[in-house]
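The following pair of complexes shares a single chain, chain A, combined with chain B in the former and chain C in the latter.
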Partner chain A sequence: MDDYVVTVLSNIGMISFIALSAYLLLITGEISFGQQAYFGLSAYAAGAATSMFGLPIWAAVLIGACTAGLMAMAVGALTLRLSGLYFSISTLAFAEMMRLILLIVEVQVEVDGEMVGPDGANGFHDIRWMFERDISLTEFMLFIYGLLALVLIALLLVERSRLGSVFRMLGSDDLLTEMQGLNTVRYRILAAGMAGAIAGIGGALYAHFTTYVEPQFFNVMLGVHALAYGLIGGLGTAFGPLVGVAIDIGFLEAVRFIQGYRMIVFGGLVAVLLIFMPRGILDEERVHRLKALFSRGNHARAERH
Partner chain B sequence: MLALSGIEKRFGALTALTEIDLEVASGDVLGIIGPNGSGKTTLLNIVTGTYAPSGGCISFQGTDITGWKGHRITRLGVARTFQNIRLFPTMTVFQNVWAAQHSRVSGGLLGLLRSTPTRTRGEAGRVEKVLEQVGLLRDREVLARNLSLPARRRLEVARTLAVDAKLVLLDEPAGGMTPAETADMARLIREVVAPGRTCVVIEHKMALIAGVCTRLCVLDFGRKIAEGLPDQVLADAKVREIYLGTEDGLDA
Partner chain C sequence: MIDFVQNTVDGIMFGSSYALLAIGFTIVFGVMRRINLAFGATIMLGAYAGTWLHVHYQVHVLVVVLTTVVCTVLVGIYVERLCFHAVRRDAALASMVSSFVVWMQLEEVAIHLLPERTYSFPSLIVAGSFELGPFLLRGEQITMLVLAAVMVGALHLLLHRTRYGLALRAISESPRAAAYMGIDAAWVMLCAFALVSLVGAVAGYAILATDEQITPFFGLWATFKGLIAMMLGGMGSLPGAILGGLLLGVVEAHAQWYLGNEYKDLSAYVLLFAMLVLRPGGLLGQRILGREELAFRRV
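Showing the complex of A and B:
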């Protein structure tokens, strides 16, 4: 595969994490404009782990995800008592705050005679883990997709369980969820932490893939795209946001003649879908029908045997 | 079982409930009747913790639950239905009932994660038994929003049966139903819900009240104006005047 294709596929993989992150909050009924902050925070934390402290990549991803998850829970504890639009605005405010803080963070250490670390507005250069280990782009892409598969499987398992049911209940009717004996704020904070950690995995990978991160990349457009992926692809299953990513990056980026107009087509697509399929292509109703179709198929096969 | 003393509720300048004293004994089916706006649903919302009372106190099985959050009160063994029917519309009938059990699963977060509809060791079986009791087993995989109104009311009742609720609060369980459907609901409450549970029923329909309640309480403008055995209460001149009008409208 040529480097261009590998890069596009890797981008799809890394953006998928933030799409899944926004999706997890969307099913609990929260619209967050701030998931890019956890992606960015983790990119810095994980980048620091390998380049400044010489830790292995798995530790860097873990540190990034945990940092992002804990920060998301802390922000969630402050903001999740707000409802609807007020919550959304507060997520945007916190995300911008974190981005602006990263703009002034200058913590550099000397590694092999060179200064490495976040350098304020200049960004964080020389996250050279891939070069030092001589890892090819293709190998790293496989690493990205391996982790994406793990996260996706974990999310699908959560969705089958009572915990996933609680998340969907929160998104459907907060008072009714409370009346089923569930402490809604606690589960919202948990969902925020999980969503932050998932965005964090993507950010950690991103830092090592590009070797260079700057706060500017983690602006609100990334968060808005993350939301759009779930809304396009559908909120009925964790595959939904992945469909959204594939449509945006895979299709719109790949089809040459659309390229200059990509954002126009993308914006139009979001508008049309929100009118005709408010909960996306794979919404709850369609997912339910697909499942029924599958289980009927299984029953039929079982009866034949 | 449930004791309210001196309950007051004010919304700004509006006083919704004044000085409500009420005791519900274990095993009772208490009917609360009264004109629209007399405070019946507000009273229910106060018992379930949706609203905090402005004054007075509530105790449930000897525990003072005044000012408790709704989820804590629910976990003590209180379950309710809603006048305007609240279900999770994009979940199936099965999932709606299953949802009532989430807060009772042991093992904390891990317990919640390990439990799936197919792997619940007895709990899923209980959901199916409850669905059979309310006559919804055949609709197990139907999304709640696609059910008919009587079926949706029965699904709400099923949810209260799926856990070991000691006190079940039913807010107009026959609202919007035909006489035949009302009779079905009355039978369901009498034969399935009431045995082994204490119930409070808000209702306008005399057919249901007469069929299921062991006691009655009448609210008017936020005050309790009568309480006692159904026959006595309904014969009370004050009740007939305020609630049923001066004409003989008992079987209306």
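Showing the complex of A and C:
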């Protein structure tokens, strides 16, 4: 594979994390415009871990995910009272706050005679873990997809479990959830933390893949795209947001004549899609029907008994 | 002390433009209980159409004003049809996301129209600055303040003295009861969109004329400033929008003066976040009703 294809595939993989993160909150009924804050925070934290403190990559990803997750839980706790539009705007406010703070942060240390670290508006250069270890782009891509598979499996297991049902119940009616004797506060903070950590993994990988991060990348556009992927792909299954990412980056990147008109096409596509399928292509109903289709044989056998 | 007063005065001047933008959000929210994130981009595309004529055909300033207003209203109607009218009534958030993607669309159209980074924007009147004791007042900013006061007064009359205003308020009070009274909600909403686009276009023109330039970042700027100002004052409240706009202007002016340029925008978001955490309804907004809250949750 040539480098271009590897880069595009890697981007699809890394953006999938933030799409899954926004998706997790969407199924609990909250729209977040601010998942890019956790993606960015983790990119900085993980980048600092390897380049400034010489930690291994797995530790960096862990640190990034934990930082992002904890921050998301703290923000989740602060915004517990809010829902709907109010919650969405608060996530937007927080994300922009985070981005503007990262523009000011300057913490540099000397490593091998060179200054390394976040440098305010100039961004965070020289996260050279890949060069120092002589890791090829393809190897790193496999690493990305390995982690993505782990996260996806974890999410699919969560969806099958009781926790997943609680999340979906929260999404359809939080009063009902409370009446079941469930602690909605705990579940909302848990969902926020999990979503933050998933975005964090993506951010940590991104920092090491590009070797350079700047706050400008984590602007609202990233967050809105993350959100749109779930809404395009569908909210019925964790594969939904991945379908959304594949459609946007895979398809629109591939079709050359759309270049320069990409947002016009993408914007129109999503707007029309939201009219006809407010919960995306793979919504709950279609997922249910697909599942029934695949397990028809089993059902028939079960009915005979 | 002189600095403090001067900053406050500057803040109020800037704040009046934020207040005008906030009015656009608050009326749409009051009637539809939805947020139109494409508002800033709508104004920007309208102003770009005006600037396009100005750049390519050097038309008279009045034509630029007229084109800006007419195009903004047309784009506003397009947004209403695509993101609000066509989206299911119970899907308030789908509308918001839809308006966000349409914003991106409008922005790209604007960039195709005028691909350079900045263009000069023609000003209708040339007003100098003058001194009042130790304080400096800029003519354009006073124009803005007066414009804001006039438009708020006109809107108040429209809402409280006309039949259309009554219909609009009835819908915002209770859509179902309004429907029983024979009010055509779809038509009132379309008119409300045209109305706020008109207000937005005038506000946008005044702001751009003060800056004397237009950039593709204007859409983002206008949307966020208007949205923050509305949230600070309280969603759906007209006096709240004005108060929120002025508060935002004053806080930004002080943050910029005492902390530095990079803290200006930051202070706005910190203020918004703190307000949402501590007092989600805004300064003058009603408390969020549980019933409404649930209605908002559907995607």
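Note that in this section the second predicted complex is superposed on the first by the 296 of 305 C-alpha atoms of A that agree within 3 Å, B and C clash if a C-alpha of one lies under 4 Å from a C-alpha of the other, contacts with A are read in each partner's own complex, and residues count from 1 in each chain.
Note that a contact is a pair of C-beta atoms (placed from the backbone, for glycine too) under 8 Å apart; a residue touches a chain by one contact, two chains touch by 3 or more.
Since we're looking at a predicted model, the values are computed, not measured.
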item	value
Partner chain(s) touched by A:L82 [first = chain B, second = chain C, both, neither]	second
Which superposed partner A:A93 touches (first chain B, second chain C, both, neither)	second
First, second, both or neither for A:R128, with chain B first and chain C second	neither
First (chain B), second (chain C), both or neither touched by A:L175	both
Which superposed partner A:G29 touches (first chain B, second chain C, both, neither)	second
Partner chain in contact with A:R286 - chain B first, chain C second, else both or neither	neither
First (chain B), second (chain C), both or neither touched by A:V158	first
Chain B and chain C footprints on chain A, overlapping residues	173, 175
Chain A to chain C touching residues, read off their complex	26, 29, 31, 33, 78-79, 81-86, 88-90, 93-94, 96-97, 100-101, 103-104, 121, 171, 173-175, 220-221, 224, 227-228, 231, 235, 260-264, 266-268, 270-272, 274-275, 278-279
Contact set on chain C toward chain A in their complex	34-35, 82-83, 86-88, 91-94, 96-98, 100-105, 107-109, 112, 220, 224, 227-228, 231, 235, 262, 265-266, 269-270, 272-273, 276-277, 280, 288, 293-299
Interface residues, chain B side, partner chain A - complex	48, 50, 69-71, 74-75, 80, 82, 86-92, 95, 98-105, 109, 111-117, 141, 143, 159, 163
Residues on chain A engaged by chain B in the complex (per definition of touch)	157-158, 160-163, 165-166, 168-169, 172-173, 175-176, 178-184, 190, 284-285, 288, 292
